Amino acid sequence: MTIAQIIFLVVAGATLGSAFMVVTSRNLIHAALWLVATLFGVAVQYALLNAGFLAVVQVVVYIGAIAILFIFAVMLTRKEIRDQGPQLNSSWWLSATLSVVTFGGLVGMLWGWKDMAHTVPDIPPGFDSISALGDALVSPDAFVLPFEVASILLLAALVGAVYVAFNRK
Amino acid sequence: MVPLSWYLIFAAGLFSLGLFGVLARRNAVAILLGVELMLNAVNINLAAFWRYGTITNMAGQVFAIIVFAVAAAEVAVGLALVISVYRRHNTVVADEIDMLKW
Amino acid sequence: MNFINDNLLLVILFFPALAALVLLFLPADENKLFRWFALGASLVPFILSIGLWIGFDPNAAGYQFEANYPWYEALHSSLHLGVDGLSLTMVMLTTFLTPLAILASFSIKERVKAYMMLFLFLEMGMLGVFMSIDLLIFFVFWEIGLVPMYFLINQWGSANRNYASLKFMIYTMGGSLGLLLAIQMLGVLFQTYDLQEITANWSTYTSANGIMGIPVGTVKTIAFWAFVIAFAVKVPLWPFHTWLPDAHTEAPTAGSMILAGVLLKLGAYGFLRLVLPLYPDEAKYFAGALAFLATAAIVFGAFGSFGQTDFKRLVAYSSVNHMGFVVLGIAAAASAIGTPDATIALNGAILQMFNHGLSAAGMFFLVGVIYERTHTRNLEEFGGLFPLVPVYGGILIFTSMASLGLPGLNGFISEFLVVRGSLPLLPVYTAVSMLGLLMTGAYILKGIKKVLHGPLNEHWAHGEHKLTEINTREILIMAPLMVLILVIGIWPAWILDVINKAVMMLF
Amino acid sequence: MTTETLIWLIPLPPALAFFLIVLFTNKSKALSHSVGVGAAILSFLGSMVVFFRAVSVEHLGEHPFESSIPWMPTGDTWFNIGVLIDPLGAAVLFFVSITIFMIFLYSVGYHNFGQPAGDHDRKGLPPHGATVEEHGHKHVVPSVEPMYSRFFAFLGLFAFGMYTLVVSDNLLTMFVGWEIMGLCSYLLIGFWYGKPSARAAAIKAFMTTRIGDVFMLLGIGLLYSVAGTLNFREIFGNEELMHTLAVPGATLFGLSLAGLIALLLFIGTVGKSAQWPLHVWLPDAMEGPTPVSAMIHAATMVSAGVHAVIRMFPLLSLDHNTMGVVAFIGTFTAIFAATIAVAQNDIKRVLAYSTISQLGFMIAALGIGAYVAAAFHLITHAFFKALLFLGSGSVIHGMEHGVLHTGNHSVDPQDMFNMGGLRNKMPITFWTFVIGGFALSGFPLITAGFWSKDEILADAWGHGHLVVFLTLALAAFMTAFYTMRQITLTFLGEPRTKEAEHAQETPWTMTVPLMVLSIFAVGYGWVGIPEDFPVLGGLVPNWFHDFVGHTLHEVPEAVEFSWAPLLTSLGVALGGLFLGWFYYRNVNSAKEDFFQIALLKNKYYFDEAYDFVFVKPAIWLSEVFTYQWMDKGAIDGFLHIFGPTTGGIGGFIRNYIDLPVINKFIGDGSADVVQWVGRSLRPIQSGRIQQYMMLSLVVLVVIGGALLYFLLGL
């Protein structure tokens, strides 16, 4: 067991634990905060995977924007539920079963895969993943088109969100 | 070092938890929370496959970034919808939002 | 001009249909235009058929002006047209009567365009039957003629028109069924529908194996009767005649004119063109039966006519009576084909077809004239109208006399020839048919008596019901008919010569 | 112009006149009668030229005027029509042209030409007179016939028919003329068609004669098919053919072919010449205007019948059975009609029956083989009977004048008991009528009727037909009796009514024809005085016998003179005349008349019997049997079975197969199932997003599991 393995296990356990709290905590504010924790755990995992850029973006975008958005939304709609009554619907047990089955199925599928125990390759010397990513994102040979499409999607979502949430009275 | 399988199992777990949240939570906002979990699980897979595959091929990371963008858009529109529904029907309980039924 | 000269029959045949299509695109509600256009369009075939008559060589054997256009090659059927003396006479009759009938239809006020179109299509159908030398084409035109007539009766007829038109349609279709089957059988057997080829082979056709396992004789007999019944319905022969009084009575005036003038001739023409050449042996064998039916038609037609109180129905029954003579002549000829007696009988029968076309059309028109004015056909409601309508009365008596077979007018010549030809061959039937001839006088006189003679029915003398004299248009319709009636009565040779030569060559 | 061309032209002027009047001049009465009379004159002149040329030809019988043209193709040969004037034709043409001309002329006066139009006259009814003002006071005068022009047109057509018949060289054109006359008699008898009686009489005339005509047509057809021609001379001149025809017992009833044909043709004559049993139409035909009666009875139509038999005599004489039939019918008709004539009161009806009777004489003469006598009597009879009819018309016309004068229209101007004493009022009419009447009665020596009737009796006696002789003698006696009865009642004694007192002589257009005809009624007899007649014989040569006799191939020999028939005919004529005068000079009304016997007055009830036996059944057969029972009932009824049957089959298929099985079970059933499934599945669409997801996931899991299990074999 290497240090990396230990760090992974600790972080993964914390992440899954907080994720569990996200889906189970009665208080939505708490759930949103647990989400922040989860996201943070995921960011650490990115870092472990040498994907520094992703880790940073995870923190900036997810925790800094999305999670805060959730908290706003929760606060805007809190009036009724007030965290009272069951937070899970009546067929939660079926959901749980299905989730377990899904998990089992996924694991079961992975189990027989030959590359399952693939070990991590070395990073070639002089390879800068961030600059490579930047090149890939804007290079006409690579992903400039999806990148632009994604930006349009964001714009459309922005306009759409404003339109949908706009209070017409 | 950490084998690929660990990441994959971790992502599957996160995904399943998110799935449970989506399926079982009553609050619409909480459902969206579940969705975020699932998206994150996917992103972990993408990053892991990038790291364990041909490292010079940046498709994994690029995909992950696009997923970020999609997630941001999804949350923005999703929450806008929830707020809009909440304004109209004064509820965010998913079971009660059934205007699309027959 | 070359095209017209080379395809004279085709032009005559399809010109009316073409004109009908043009009529379709004329502006709506221009009734006057429709009428004159239709009249003009129907005069063209007439003028062309005069050219046909002039260009026709009565001494040449076989068909003339022949034209053969591919039509349905998979079935070995082609649009094969041609005329001989027999069909030429009938073509002339058709093209001659149609303009008159259209002129007579000028009093139609409703849906003139459709009416005129139907009439022109009708003309095409009738001409097609007379011109075609291909069995399948013959049948096609045979049925085409039905449809416009059905609508003419059904749409422009009088009170009981639905019943009458349906009866007409069903009756004739029923007759056609067997005809179609028999034609199909011939087509399958000989791999062609060409009449000339079939005639050459079929009348002497024998096969050791029979046809479809049935002895040839039996098949021939059945096919013979299929033909006979189809044509007998059309003629109409007793006891297939009951559609006729209904159809004639309910049809519009011009419809009755064409129905009696031409459509009935289709049946008789079928006998002459198909039955006698195709089935000489069967025709000879069954000549007695045919003569029996013909005699029954003559006698019962006359009695039926005498028993009517409806003027138009009276005239309608007279058609049964007169057409009976045609078939009697044909039956007599069938019993001894090739003898001088048979030739005379056939001459008489064909001339009788032509003559009846003239006189019956005239009679129906005259009935129509008075019906248009009085809106009744009941003989009991007329009476003594002669002083009110002297010209009409004169014309009516003239035409009635032609119908009666008064010597000096056309009907006599043909009836005499039929009697002369049939008497030595079928003495008993001919003698019995004289009873019909006697009753012909009775019903004609009854018609004149009830309409023109006797004390004047004051109802028609004054006020709004005042009967008006026949007008110029109507006289113009009758004049050509009357002139022909008289001319044929006094000098029949010009037409009889053509018929006679055709008969001599055909049979 | 050759004689043949002229013969062709003879019938044409009247026909042209007919068309001219009908088409152009019918508005103008003067023009119309000018055209009509002019045509009659033209034909008359033409006929006279032909007649005198014919007389001047020697052996005309062997070389008659004839010419023909091809008319109608019949197979390889042509049917020819043509004209023929042989001695018989010439003789007939002579009297026909004269009488027709006279009748045309007479009609001008009879229809009151020049008189004013009537006050209330309408077409189709006899004129009722017109009121005129003269010198301040009104009086009624006869009015002109409203259909004056039409009358001349019809007369013209009639004349055309008669001329055609006379000049024809074949049976067919003869039949054409015959039938055209039939039509004209129909039109003329029904001239006053407004009267129901006239209308009925016209139809009766046409139909009764048509019965004969139909048989005649058969006869013509038979003769044509046997002989191959209808030309008289070709048939009679062909000895081989005549021998074939004469073979006895070749056809029905033991008749030879000739006998059968002759019998059929003779039935035509029976109709046309009104012989028993087809005599019923002729008395009714008196409904027509009087010139018509003369036309029909004397000059033309009835003569045509006898003419036809005389023409066909060579054929007739081949079979003695047919001869017997002919003789019987003629003889019977002669006596039968004479008995009826005795009881009639209508002046024209008496003449009508007398005509029937006299025609019976001719037919009987033919039946016993007296060819020349029949022809002779035909001609003399034509003259004196035309004279009598025109005379009676003149009487009626005069009486009508009286009726108009008194205004009492209930008085029948034709009833002889309303007359009397007219000899003073109408002297010309009286004397000419007496001449005609005496000729009819056979007044000895001076009248034509005596010579011709005497010849018939002599022939009957000479050929040994005793029964015929006696019957005809009796008929002749009755003829004289009723003729004198008529003269006595009409002209002698005192006027019995006011109307008779005011009767007036008729205009010259009517009296001139009477005078002309009376000359012939007397004089024509002298051309046929037998050679061996006492005193007078040989004084004038027996030209008629010589001339007409040569029409036949074997000239018939004149019978030897014998006193018995001469005395008989003297006796019956004088006796009849005397008795008639003696009895009726004192009879003043119908009640006093012994001969008003119901049986005779009602003509032996023949009309009623025919009505019961033929007319009513024919109507029943037409209206009820043929139309109602057979056509409407049986045939249409049979057809109407098809309608309900097919309707029933269709209904069965619809109600028991289409509706329950196909529609309900297969059609609606599948829809129902789909609907049921849909309804059942509907709750799935709850609108709850989580349920959807759950469900899709379940399905995914299940399908995924199944795939894994089955495909990968896990």
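For reference, chains read A, B, C and D in written order, and residue numbers begin at 1 within each chain.
Criterion: a residue touches a chain if its C-beta (ideal position, glycine included) is under 8 Å from a C-beta of that chain, and two chains touch if they have at least 3 such contacts.
What you see is a predicted model; the values in this text were computed from it and never measured.
Peer 1: When you check each chain against chain C and chain D, which touch both of them?
Peer 2: none
Peer 1: Using Cα averages as centroids, what's the distance between chain B and chain D in whole Å?
Peer 2: That gives a centre separation of 121 Å.
Peer 1: Roughly how many whole angstrom separate the Cα centroids of chain B and chain C?
Peer 2: 91
Peer 1: Any idea how many Å lie between the Cα centroids of chain A and chain B?
Peer 2: 6
Peer 1: Where the centres are mean C-alpha positions, what is the separation of chain A from chain C, in Å?
Peer 2: Here chain A and chain C have centroids separated by 97 Å.
Peer 1: Considering chain B alone, which of its residues make contact with at least two other chains?
Peer 2: Residue numbers touching two or more other chains: 19, 23-24, 94-95.
Peer 1: Which chain C residues reach two or more other chains?
Peer 2: Where chain C is concerned, no single residue meets two or more other chains.
Peer 1: Spell out, as numbers or ranges, the residues of chain A touching 2 or more other chains.
Peer 2: In chain A, residues 89, 91, 94-95, 98, 102 touch at least two other chains, as defined above.
Peer 1: For this entry, which pairs of chains touch?
Peer 2: Pairs flagged as touching, ordered by label: A-B, A-D, B-D, C-D.
Peer 1: Where on chain A does chain D make contact in their complex?
Peer 2: Within the complex, chain A contacts chain D at residues 89, 91, 94-95, 98, 101-102, 105.
Peer 1: Can you check the complex and tell me which residues of chain B touch chain D?
Peer 2: Going by the criterion above, the answer is residues 19, 22-24, 31, 94-95, 97-102.
Peer 1: Please give the residue numbers of chain D that touch chain B in the complex, ascending.
Peer 2: Going through chain D, the ones touching chain B are 682, 685-690, 693-694, 697.
Peer 1: Which of the residues in chain A come into contact with chain B in the complex?
Peer 2: 2, 4-5, 8-9, 12, 15-16, 19-20, 22-23, 28, 31-32, 35, 38-39, 42, 45-46, 48-51, 53-54, 57-58, 61-62, 65-66, 69-70, 72-74, 76-77, 80-81, 86-89, 91-92, 94-96, 98-100, 102-103, 106-107, 110, 115-121, 123-124, 127, 129, 132-133, 135-137, 142-143, 146-147, 150-151, 153-154, 156-158, 160-162, 164-165, 167
Peer 1: For chain C, which residues count as touching chain D in their complex?
Peer 2: 167, 171, 239, 241-242, 245, 300, 303-308, 340-341, 343-344, 347, 384, 386-387, 390, 394, 397, 401, 406-408, 412-413, 416-417, 419-420, 423-424, 430-431, 434-435, 437-439, 441-442, 445-446, 449, 452-456, 491-493, 496-497, 500-501, 504
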